[in-house]
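Input: structures, listed below.
One chain, chain A, appears in both complexes that follow, with chain B as partner in the first and chain C in the second.
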Partner chain A sequence: MRRFLTSRHATPWLLLLPASVLFAVFFVAPFITLGINSFYDYGRMTGIIHVFTWKNYEKLWLDEYYLSVIGATFRLSSITALVTLVIGYPVALYLTVASPRAKSWVIALILSPLLVSVIVRTFGWAIILGKNGLIERVFTAIGIPGTDFLHTEAAVVVGLVNVLTPFVVLSVATSLQSIDPAVPLAAASLGASPLRVLSRVILPLSLPGILAGMLIVFGLASATFVTPAVLGGAKFKVLSTLMYQQAVILQNWPFAAAIAVTLTLIVLIGQGLQNMAAERSRYGASLR
Partner chain B sequence: MTNRRGATTQRMTRRSLLAATALPLTAPFIQARAAEELVFASYGGSIEQFLRKDLLPTFEKETGIKVVYSAGTALSQLSKVIATKSRPEIDIYWSNDLTHAAGKAMGLFDKVDPAIVTNLKEMIDGALDPQGIGVTTHIASTGLQYNTEKFKQAGWAPPTSWYDLWDPKFKGKVAMYSISVLYSQELLGAISRLTGGSESDIRPGLKKIRELKDMGNIAAFANSPAEMDNIMAQGQAWITYNGNIRTLLMKSQGAPMEFVVPKEGAIRFSLYSDAIKGAPHPVAAQKFTEFFLRKDIQERTAEGIFYAPTNRNAVLRPDLAAVMPYGTKAVAALIKLERDPMNRDLGEWIEKWNRSIES
Partner chain C sequence: MITAAMRRCLGAYAALVCLLAVLPVLIIVIESFTASDYVVFPPSGFSVKWYVESLQREEFLDSALLSLWVAVIASVVATALGTLVALALVRFRFPGRRVLQSLFMAPLSVPGIIFGLALLQFLASWGVARDMTAVIVGHVIIALPFAIRFVTVALIGMVANVELAAQSLGASPWVVFRRVTLPLIRPGVVASLVFAFILSFDDVAVSLFLATPGTMTLPVRIYVYIDQNYDPLITAVSAIVVMVAFLALGAIERTLGIGRLFGLR
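Up next is the complex of A and B:
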């Protein structure tokens, strides 16, 4: 046993084994099945028809209506990623200068939405944002009536930002902490204003954290189901709610599978863009 | 033990596929273990509360069979039945017109066994399936629901017709269901019929309902009956179409709601007891059907959750009888939609509705 663990070749594999088995059995294998399924045909009277067809993808990628749903998904995820960044970045900056005590409080606060069940959290937002909810009552009191914005894209963004901000904060904070404190000091001593230190030194150096955090948020936001279903309402359609309709209401699993594959592709495109941006940020400055 | 483990793993793969394709919903689904068990696919909310508290304990006491309750919607339960087709887990599925037609077309259901379900001969006309697959357990109706308080304040008369939804004075006051919910599928079928189309030609109905959107009458879309209850209770909308049992349940909880049978007729909505082919407890499933159709149980169901009985011997209090499709005349007056073409074209219905109305 001892010899096995110290063996230089076996150890890395052993370390990866539990994770890879889990991943292979519960993700890769079902995903392959999903991919195969997405090329089958379906009829309500016959069920799934096991013949190869591009039909599902043709419908999804070429039809104006479905393209608009793909667009809405992309838009929602991008807006959510941007808003979480705007809200999360200052918090991450604060964390680098905060006392350990304050830091642990802020982190606990930022993480708190993750400790509440998605159903409870989402319905809580529905009450706050809905008719006669907190927001509407406050705005009515100061003379702006009719501000109930439940069942709008904004409501979905609010719900998502609430829970996804910690991912940006933690990711950016990690990046900020790895910056050598001497670097911003050097910039300041050379005469750069604090704003200039932030925009030309700290921000570029924390870019990997920004990009990683935004990618996580983008991926999670594009796949979320309960939040758009409850806060967006029936009219607000994204790929996840469309998938639900196809799989659960219509039992059209092949089309739902094609939607799932498309959703994965969207996240992969996001990942590709992130990699490209990260490469450029790393080498671009020195090349210029 | 090893065998059982193997079976579980195999089932998990299929289930995780289903999970990957969509649904984070559904109550924990417990696997059948002992012989004397019955997995019952049913509904959530008030229906679940009533069944769990009132009916099911009686059945368990009488038969010694333990009921495993699975809550969901008719269509999500159908999805589950299809997903577990090669190794059924659900014994009895309380389906509705549409999912009964769908499951029957796919050959998922067993016949009713008259040797165990001895009360089949007590059923009202039309409750028995021509092929003997499943049996209608209860009848409900879909009509109009309005907020009596708001109508009184505005000095409006109660609605009387389906076309009242198009009344310009209801601008921003009409609540709609998402097409994922059966009530909207029924509305589309019925309005198509009333406007010169049919269940096989929904163009006129779609056009008519589109007018409702264009004239600004629609206040909101509900994704589920529970959401509709909220929209109506909060006064976000004053009028909608709904199942009579939904209105009556709200009313029994003190909400100022009333149900109206439109003069063109309310839509017939039937529930079926469908035993799943190849399920682990076929005898228990038949026993449950027999129990469900029994005169006293049907009377209790009508009192508890307002589903009208299909056992012709069931006697209801006059106040209950007045608000549900009870008796030959009331049942005959209902609009009976053709569920086979509805089921066949449901994909197109949803797609067309998504594009032109729910967007």
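Up next is the complex of A and C:
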């Protein structure tokens, strides 16, 4: 044993030991606990009841109200993914033609909000969209009073789009950078108008970046908590806010665990699709 | 194929998106100097009374200090562990390397709020009370993938032969690391420290479930406050958070550039 510990073969294992122990105890084990808890029963008087049951999943996946919450989560994430794409794509396109100086400015400005806590940015939108906010002031000035957008789905989408657009821009920009500039040039020299080059050449070639960006946004949007909680208000429920309510306010940990497992599955499926898309585009590129 | 006019249009559009990206942060900072007692935009009058008030509120001061402590400890621990892991993964080949690599990257795929809930239920099932340590452990785990990535990039970028040279001249492994490797990977280590600090200092999702009334980090305190109140006090507190983030941002920009941090440029 002593000889093993001082030999070169042991070095990587010794280097990995602290982080591995930390991960095994505080990352892997908690998720196992979460999985187990999601199959336990719960009583308002008794707390967690340690008997196996499918009850939590049946409730979440079959009850009409909870199904509508799952639906609202999918809806919100899909709308957010679409809107971020529409907003972010032209910015990514600009990055491919901008001067290096303009490019670094745009990147810095788009990315810098990522370094500010999401709670602060979300509160900023509450001030813009809420009562006596910027939007209401502008609308009142042009003669449409009483436009308080706070606590609507639209407000949540605005907040999420603001937080998540950088991911689409980065993803699409990476994809656009890998396009051989000769290809769009060839199309243009053969007489295609700029719009046609864009729609028939550049757009299809950047599809992997579009897909990856949208799936990243979908995954991140489906599990964010702060934005729907602050901008959506108490009545707007998605899986993450439902989970918080069940865990913290109602103390029903098994049900909250079942929601967490469901949400994890949704996120992981999104990531699986994203990996598949990445694999396929690599495969396609190697064929070309 | 993209004409000059189109390019100008795209440029104007990109500028608009940039403005919208920073708008909420700008609004907060502007609003924090309001003289009114309620939130109204544009603010009426100019005063620093909300800053004075926020510095007098003990709960915010306590939370700010706690957040700073947690972020400092979490970033140092994550960077130290991440450096060890990166060294093992880059410099050695061993069975199970791939599996461990994906394990350490896994926190990137798991939403913070779910990890927070899992950690809460795990600690409770073993009867462990939540405290500052629980928050630090949570932050170390979500920061570790970034630490590993930054140090890995730095390790791949340096010439490994200088390590061999030092070794063949009789330096012990520790001396090789301390005198040769560490100075060469310093940019990666600094990036990891700064990024982990920001990640921890900004985090709401993981801390939300782990915080107790006695150990509430600043972002969680802000969330709890705006859940019940709506007044300019919190804009001043938020503006202070923004300033901390941008001080850190300045540190990154000076050491290696923010674009490179996200893999672009």
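We adopt the following convention: the second predicted complex is superposed on the first by the 238 of 288 C-alpha atoms of A that agree within 3 Å, B and C clash if a C-alpha of one lies under 4 Å from a C-alpha of the other, contacts with A are read in each partner's own complex, and residues count from 1 in each chain.
Here, contacts are C-beta pairs under 8 Å (C-beta built on N, C-alpha and C of every residue); 3 or more make two chains touch, one makes a residue touch a chain.
Keep in mind it's a predicted model, so treat the numbers as computed, not measured.
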item: Fit or clash - chain C, chain B, common chain A; value: clash
item: Which of chain B and chain C A:237 touches, first, second, both or neither; value: first
item: Touching partner for A:101 - first (chain B), second (chain C), both, neither; value: neither
item: Chain B versus chain C as contact partner of A:260, first or second or both or neither; value: both
item: Touching partner for A:194 - first (chain B), second (chain C), both, neither; value: second
item: Touched partner set for A:247, first chain B, second chain C, both or neither; value: both
item: Chain B versus chain C as contact partner of A:117, first or second or both or neither; value: second
item: Between chain B and chain C, more extensive residue contact with chain A; value: C
item: Which of chain B and chain C A:226 touches, first, second, both or neither; value: both
item: Listed stretches 110-118, 164-172, 236-244 or 254-262 of chain C, narrowed to the one that overlaps chain B; value: 110-118
item: Doubly contacted chain A residues - partners chain C and chain B; value: 26, 29-31, 33-34, 37, 130-132, 225-226, 229-230, 243-244, 247-248, 253, 256-257, 260
item: Footprint of chain B on chain A - complex, ascending; value: 25-26, 29-31, 33-34, 37, 44-45, 47, 65, 130-132, 151, 225-226, 229-230, 233-235, 237, 243-253, 256-257, 260
item: Chain B - residues contacting chain A, complex; value: 13, 16-18, 20-25, 75-76, 78-79, 82, 102, 105-106, 177-178, 180, 220-223, 234-236, 343-347, 350-351, 354-355, 358-359
item: In the complex, chain A residues that touch chain C; value: 9, 11-13, 15-16, 18-20, 22-23, 26-31, 33-34, 37, 87-88, 90-91, 93-95, 97-98, 102, 104-113, 115-128, 130-134, 137, 162, 165-166, 170, 173-174, 184-185, 187-188, 194, 197, 220, 223-226, 229-230, 240, 243-244, 247-248, 253, 256-257, 260, 263-264, 267-268, 271
item: Footprint of chain A on chain C - complex, ascending; value: 1-3, 6-7, 10-11, 13-15, 17-18, 20-28, 31, 38-42, 81-82, 84-85, 87-88, 91-92, 94, 100, 103-104, 106-107, 109-115, 117-122, 124-125, 137-138, 140-141, 144, 173, 198, 201-205, 208-209, 219, 222-223, 226-227, 230, 234-235, 238, 241-242, 245-246, 248-249, 253, 257-259, 262-265
